[in-house]
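This is the structure I want to talk about, given as structure tokens.
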Amino acid sequence: MTFEQLFPIQFISSEQWQALIPLIVMGISSVLALLAAPWHHYGRVASLAALAAGSVIALLSLSFSVSDAPVSILGGVLVIDRLSQVFSAIAILSGLAAGIMSIGFDQREHLHNELYALIAFAVSGMIILVSTRDLVVLFIGLELMSLAVYVMVGMRRQAEGAAEAGLKYFLLGGAASAILLYGVTLLYGSSGSLKFDIIGSSLGRMWHDHTPMLPVLGLVMVGVGFLFKVGAVPFHSWIPDVYSGASTPVTGFMISGVKATAIGALLRFSSEVFALPGLMTSGGGFYWILWAIIAFTLLFGSLVGLRQTSLKRMLAYSTIAHTGYVLLGFMALIIGQKPEASDAIVSYTLFYVVMNLGGFAVLTLISPRDTDEPTLQDLAGLGQRRPYLAFALSLFLLSMAGIPPTAGFFGKYYLFMSALSAGELGLTVLAVVASIISAVFYLRPLVFMYMKSSDAELVNDSRWFGSSAVVGLAAVLTVVMGILPSWFSSLMK
Amino acid sequence: MNQLLSWMIFLPALAALAILSLPQQKSAWARPIGVVVSALVAVFALLLWQSFDPAVQGAQFLIKQPWLPEFGIHFELALDGLNIPLVLFTALLTPLAFLGTWSLQAEGSVQKRMTALILLMETGALGTFLSQDIFLFYVFWEIILIPAYLLIGMYGGADRLKTTLQFFLYTFAGSLLMLVAIGWMIWVQKASTGTASASIADLQNIQLNFDSSAGLWGLMSVQGLVFVGFAAAFFVKSPLVPLHAWLPSTYTQAPTLVTIYLAAVLSKMGTYGILKILLPLFPDAARAFAPTLMWLAAFGIVYGAVLAIVQKNLKTAIAYSSLSHVSYILLGLFSLSPSGMSGALLQMVNHGIAIAGLFLVVGWLEKKSDSLDLSSFGGLAKSTPLLATSLMVMVLSSVALPGTNGFVGEFMVLVASFRVHAGPTILAATGMVLGAVYMLNVYQKTMFGAAGAEGLKVSWSDLGAKEILVMVALSAAVVGIGVAPQSYLELSKKSIEATVKHISPEGPKPEQPVQVSNF
Amino acid sequence: MDTGTLLHILSAWLFCMGLLALVLRRNTLVMLMGIELMLNGVNLSFVTFAHELAQISGQLQVFFIITIAAAESAVGLSILVNVYRNFGSIKTDRTKTLRG
Amino acid sequence: MSDSVNSNLPLWILLLPLCGFVFNGIVYPCLVRGVSRTKNTVAGFVAVLAMVASFIVACQGFRELASGSAALHAQVYQWVDMSDFSVGLNLHLDRLSAIMALIITGIGSLIHIYSIGYMSHEPAGVRFFAYLNLFCFAMLLLVLSDNLLFTFFGWEAVGLCSYLLISYWYSESANADAARKAFLVNRVGDFGFVLAMCMLYAKFGTLSYAQLLTMISPESAAFLTGVAVLLFFAATGKSAQFPLYVWLPDAMAGPTPVSALIHAATMVTAGVYLFARMHFLFELTPAVMTVVAWTGAITALLGGTIALAQNDIKKVLAYSTVSQLGFMFLATGLGAYQAAVFHLMTHAFFKALLFLGAGSVIHACDGEQDMRNMGGLQKALPITYVTMLLGSAAIMGLPLFSGFFSKDDILFAAEASPRGSMALFAAGLGAAFLTAIYTIRLLKMTFWGKARAGIHGHESPWIMTFPLLVLAVLATLGGFLGVPHEWAHAFGLPGNLLSDWLNPVVPALIVSHSEIALSEIGVSVLAVSLSFIGIFLGYVMFNTNFNLPWKALGRLWEGKYFVDEIYSALFVKPLYWIGDLVARTLEGRLLQNLGTWMGLGSTWSGDRLRALQAGDLQVFALILLAGLSLVVFISLFWTHV
Amino acid sequence: MVNPVIAILSLVIAILSLTMIFVKSPISSAISLVGLMLALGGIYALIGAHFVAALQVIIYAGAVMVLFVFSIMLLNMNEEEAGEIDYHSWKTYAGLGVSLGLTGLFAITFINWAQEKGLPVPDIYTLEKIREIGGNVVAVSGVLFSQSYVQFELISLLLLVAIAGALVLAKRKVD
């Protein structure tokens, strides 16, 4: 028999191509940006333009290619559905925002032109990450994103901190992806496939009568890989160093895009594998593991954040705490078997991305020249110096602290609701305690901005229009989301 | 007419934004704008009062727009018997407070920010009082927190940073627990009825299970836990001893205008929450814990009074006196009887008026003299007769002299709570004596006797036109309510009776039989 | 015990030794080798499973993974070069400037 | 209320002084823009006008009552009307309150007139007249209200006015302190009043005298005893009875007309009025009544003894007031309410007279109050001297003077009433004896002998002496309103008009003439002789020096039995001590630091956790490895089983 | 029954992994890693994964390890070997113990899994089947180009990133 009969080629239909447009556009734009980068004088502008154009087109095509029926390509190698669209949008937006934020900053800090290309690559990796149902493709997307981000982190070549951060991120991240990959093989071995749905169904079938250890091990290791990416205790160690070592726009990109898409991938995997009845719910072990991880993540993030003076480090710890809140939603989704919790997770992620992008845009504007390390002291007297900037920053911080009427409040509220509906009163109260503690360090910048006066020679904040634009947009979004949250929370419907 | 409610809420907020965006050199406009806007709101409130029908029990001028449909949360505002006194009071007090403190802040930027933030606080307060949706209530409740935090932190006294953080954390902790409880209520409501609704009226109909056999006298049962969640927020804000630790330093450190707003309005948000939400939503728990809470309130009366007596600092003394008086309100509320609750509701307004007047006077003294040490004043009555007179009126109101508003509320509270539970009432009644002790002490140390150090140092000028206007208005309220309270009580009579009936359908169980008789 | 199980245990061994290399060695280059070791373990178990399940795709994934590993090590080594430029060494006991 | 007529007269009696207050307190200063620009004459004129008008209206009401209607009733308005609490302001002018109203308005008018002269040199006397009017309004409200609550309104308002008037010269801290003391001690009493009202309302659902009269029944005796005790407590505060009499002597810091009106004639008798009002309650609690009687007796003796050792002329009169009030309480305790009211009236006459006389003396001596610096003033102040002589005769109970009749009624009751006893009788006699002594001492030190400090006073203007004369007449003849029946028969006088008048409202004392030891005539003979002995004794004892022959006793009495010191040791100091203690420990140490401690705790644990983030890559890897192994272990071996 | 050659190779691999960790000089670690990979390639070949074996030898033992050795030379680290593993710190032994324990857990799991024969149901591509298709390489390429070409393309993107990254980080001059 002939080769074609043995291995019939599975073609991609036209509407599947249409669904793929965003990914393709991002890929092309990243290549273009890479090619444009070395261009002598215009390299920077050109590659930024390529990134921007690609992102815009991709966004538009996303909104065009909205199809209610999910498109599955080659049996789930790539899946385009609501989830993937929402998270691709988040990824593209955060990439675009990061690009715009680094206008001006990159010259001051001598960042290479390739930054924009790398951002584009990372974004395309994120898109793959959130829109696949195949574990190895997921791994490919993860690596595509991670490699780009490793380089972006280590890019500031004058700074020791950047190099060190890049090293730490790379080594630990490599180990983590290896762990995840080992879990993938174990799942492959115990179910004979790499597709979420098949794994889920066959494991579910297997779980009916008894519980072999291998799939459990596989699930656990995949879960650990994800937890590392979202930065949950005890897989969090890299976060503070990497976030404070990387240059501010890059940190903004990581804290928003990288983390959000990791959450998205975890969400897909959870809702299709973890959350299957009988898997995680089979024994008490998973419940208590998750419970402890959430508890430690919440408390660690808020307690250690108390002692930070560097704003980037502070927000790094705060993002650890935020991971704890998100995991509350996953708790409800997996253990509590509440599918609606995914809405809470999605909207929280969206709100979280917006406020963090805004916050880091502000930090970009106030980051001192010599060390790209904005501290509380740099904020002193900002309220008099630049009232609108100060107002925006306090808006973002209050939103992170979860005070109405800001986006963060509703994100938190949705998660609390889902956790309560799963009957997790204890964890919710713990989350309340954590947010009270973290309120302290969210308020400290306000103290410096409004209640301390600045000494003149310390003032070194910039006025780049890019970051300012991001700040303004994020501020408006934060308020709008805080007043009309249901517009955004119903994105998944 | 209906839209007036939303205007009352959003007009101050818009004005606040406008003021904040004033250019620096124009910041002198801030205060006039503030006064005009708040006066406009006051006019709205009076209009509503005119067309409010006391005979109708339940919500009037209802506004209901869907907000978060998936949780059944609506933008739902209305006037009813319970909130109209407080809405009126808040709306009328704000312009008076602006006028009264007109002479206290000089610098333009300070005026600008303070006015704007106070207007934001008015938005929050009015929203809290008006909202009929529990979630909306929470949102407005929280909105008020940040302006207060900033104001104290920016313009407070020497110890302002620590103070403002403490204030924020106490209240924030309470509110977050309330948020959890709210979430739980909404979820339970959805689970039990199928259709989600966050409207307080609907939530009143669901009965959470409460059995006192559960741990901690029943706190561990469902209703007990949710009760605790709400109680945490309300008791901290009111405050109920021993959750008051934030109060003395906050009232002392905050600038006068803010102190007035905190003491007169914010603490009422807590007591109003107890009246509107805590007791009606959790009747079993309320009935179970009322005696204990009455004891706590009575203790708080004495506690605050005793501490006020020994204070050296004028402002701190008045802060503790406020603690003592708020405890009267709580005592009346926990008596769960119509006259007790109306007395408490009236007492909320009374205390607001008196404390506002007192802190205004303190503010004027503070402006002239650098120390607020009681011993450094004296003999001011000679140089400032009007100031002395107005202070006297406020003092009389807060020692509950018959004929002043303070007596009405306090006496109704005492009678009602005595009927329910004699022990705490007797303890509380000693507050009459102790209250007289510290109030007269303050009056004497400042106004009477030979002129003290501060009294001699500066040349005291008596009240100006604005201050006189404010004080006359407040004093008129003091005497007017004191002499003819019924027209005021009439407003909330129906709603209060409905609330009481909801809490204990078989009526309050007095120790002795009651025969009501008009003559 | 049959071949498959033996190879599985071997893969586990490789994986854990890779982690151990990360934990013990201060020389980042060797840590990098440790990561490669872990990936080798992954490959081995993929192949073994493919062998047991009589599937092709398992081996195919190994092809992908090897490529990725190569790319990763290339980036990693350039990162090491970067570190070396900044610190004059690639020992982790030098790279402790970020802390707290 | 069999045939109580609805009429507005009571309302007018009440409102006229209020109008005076409103004019003097608010309108007039606003008209002339500032208190300093007001004229005393205008203010005084308006005030007097208001009072006199009110007096005339009161007389009108009196006439209507005399012409047969049992009471005049005026429903003013419903104060509070809730479903379970409802009280209204209703005025009720019956025979008892008519007497009180006449005393208040009548003597009030006289004292207002007097004040015009007395305050003529005061700047801004408008304040004074405003307070005085306000006081009269409050006092009238107290006696006219038909329910306890509005009586309490007046009860506290008079307290306020006395506070304001005592501290009228607030620049001296001493006056201010005296005022505060008066207010606080009264508050202590009012505490009892409020609780009593709470109890009554909780049980009967009403506070109106009429309804209480119908509802109160002997069965719940314990409850009624409680109420009676609380009300008695309130009365002791207001009427300066032992142990709460300490405020009254200090209250003399106020202007003398105030002492005459408030602290002699009217306010301090509010307690007696309350007893007369609530007699139906007290009749049911004999135990309490006995206590009341004894309290009165003790107070009478204490006051008398202390008065012996005082040198400030007003202080002497103050303590004599205390002792006379003791008499009244003795009477009420014995159930002789009519006698009490009678003595209240006569006391109002002669004590007001004495105070005004003293005021005139002080006025003449330019504010000198220490009698040791006076003497020999009789030539300088003839009118004052004569009037005060009459007043002293009345208070000493010399025959045919007003005090004679009223005091004898009380003494007779002390031995004749079923609750009476020889001990009480003896105490009463002793008090009367003391009265004679200190009165003589006062006369001697002030008027007789030769001028010591070389003060040459001058007689006061007519506007001050006119009231003195009127009061002197009243003090002399007032007693004939209550001539005992036996005397009446003997001299063909109208017998005991007052008690006949009061009978429908206040029960007369029931005396079974069989087992009384001493007839009414006997009592008076005994009393009169005792007073003469007292006069003689005083005359000789204080001939040379004015100090008591017994040093220790003198110091004890001059120090007022050191009651103030005892109180400050028992109540005031402990209160402040506890306050400081709480402020330092519970509040300061614990509650105020909770937040700080929590903050420290969280930062401490934060620092401990930070140690993990030392930046060592190996440690990170180890944490990763350990976490992985832990999770794997737990999940494998917990899920599997 | 275990193929003895495979058993021996496994033993060699285990030992080599240990030497890679515990020898001081990075160069010898690299050498032992090379040996390990070659041995691994042998195992692949023995269980019929010829294509993978080839990749293992070419890419890993060839390209990657050359890269490693090259960078060792570049960063001339051969003199600094002192203080590689701190044998005095508890962390060392903790890591050792934990990783051995983890291996044990995995071993237990796999042994437990060995009892679970028959699930999931095997596919058709047994060695014989592959042989009659035309060999392992044919089969793999067939699957690759018929169903998995998307992954293939994505991998190319990833390689591009790697190139760019290495380029950026290694570039000397800063523009």
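For the reader, a short list of remarks on this structure follows.
Labels A, B, C, D and E are assigned to the chains in the order they are written; within every chain, residues are numbered from 1.
Keep this in mind: contacts are C-beta pairs under 8 Å (C-beta built on N, C-alpha and C of every residue); 3 or more make two chains touch, one makes a residue touch a chain.
Since the model is a prediction, treat every value here as computed from it, not as a measurement.
Hopping across touching chains, the smallest step count from chain B to chain C is 2. Taking the CA centroid of chain E as reference, the farthest chain centroid is that of D. By number of C-beta pairs in contact, the leading pair of chains is C-E. With centres taken as mean Cα positions, chain D sits 98 Å from chain C.
Here the CA centre of chain A is 79 Å from the CA centre of chain D.
Each chain gets one centre point, the mean of its Cα atoms, and the points for chain D and chain E are 104 Å apart. Chain C and chain E have centres, each the mean of its CA atoms, that are 7 Å apart. Within chain D, contacts with two or more other chains are made by residues 610, 613, 615, 617-619, 621-622, 624-626, 628, 632, 636.
Counting partners per residue, chain C has 15, 19-20, 22-24, 26, 28, 31-32, 34, 48, 52-53, 55, 57, 64, 68, 71-72, 75, 78-80, 82, 93, 95-100 as the residues that reach two or more other chains. Among all residues of chain B, those that touch two or more other chains are 169.
Interchain contacts (touch definition given at top) occur between A-B, A-C, A-D, A-E, B-D, C-D, C-E, D-E. Residue ranges on chain E touching chain C, taken from their complex, read 1-3, 6-7, 10, 13-14, 17-18, 20-21, 26, 29-30, 33, 36-37, 40, 43-44, 47-49, 51-52, 55-56, 59-60, 63-64, 67-68, 71-72, 74-75, 77, 80, 83-86, 91-92, 95-96, 99-100, 102-103, 106-107, 110-111, 113-114, 120, 122-126, 129-130, 136, 139-140, 142-144, 148, 151, 155, 158-159, 161-163, 165-166, 169-170.
Here chain E touches chain D in the complex through residues 91, 94-95, 98-99, 101-102, 105, 108-109, going by the rule given at the top. By the touch criterion stated above, chain C contacts chain E in their complex at residues 1-10, 12-17, 19-21, 23-27, 29-30, 32-34, 36-37, 40, 43-44, 47-48, 50-57, 59-60, 62-64, 66-75, 77-82, 84, 89-91, 93. Residues 15, 18-19, 22, 28, 31-32, 34-35, 38-39, 41-42, 45-46, 48-49, 52-53, 55, 57-58, 61, 64-65, 68, 71-72, 75-76, 78-80, 82-83, 85-87, 95-100 of chain C are the ones touching chain A in the complex. Contact residues on chain D toward chain E in their complex (touch as defined above): 618-619, 621-622, 625-626, 628-629, 632-633, 636.
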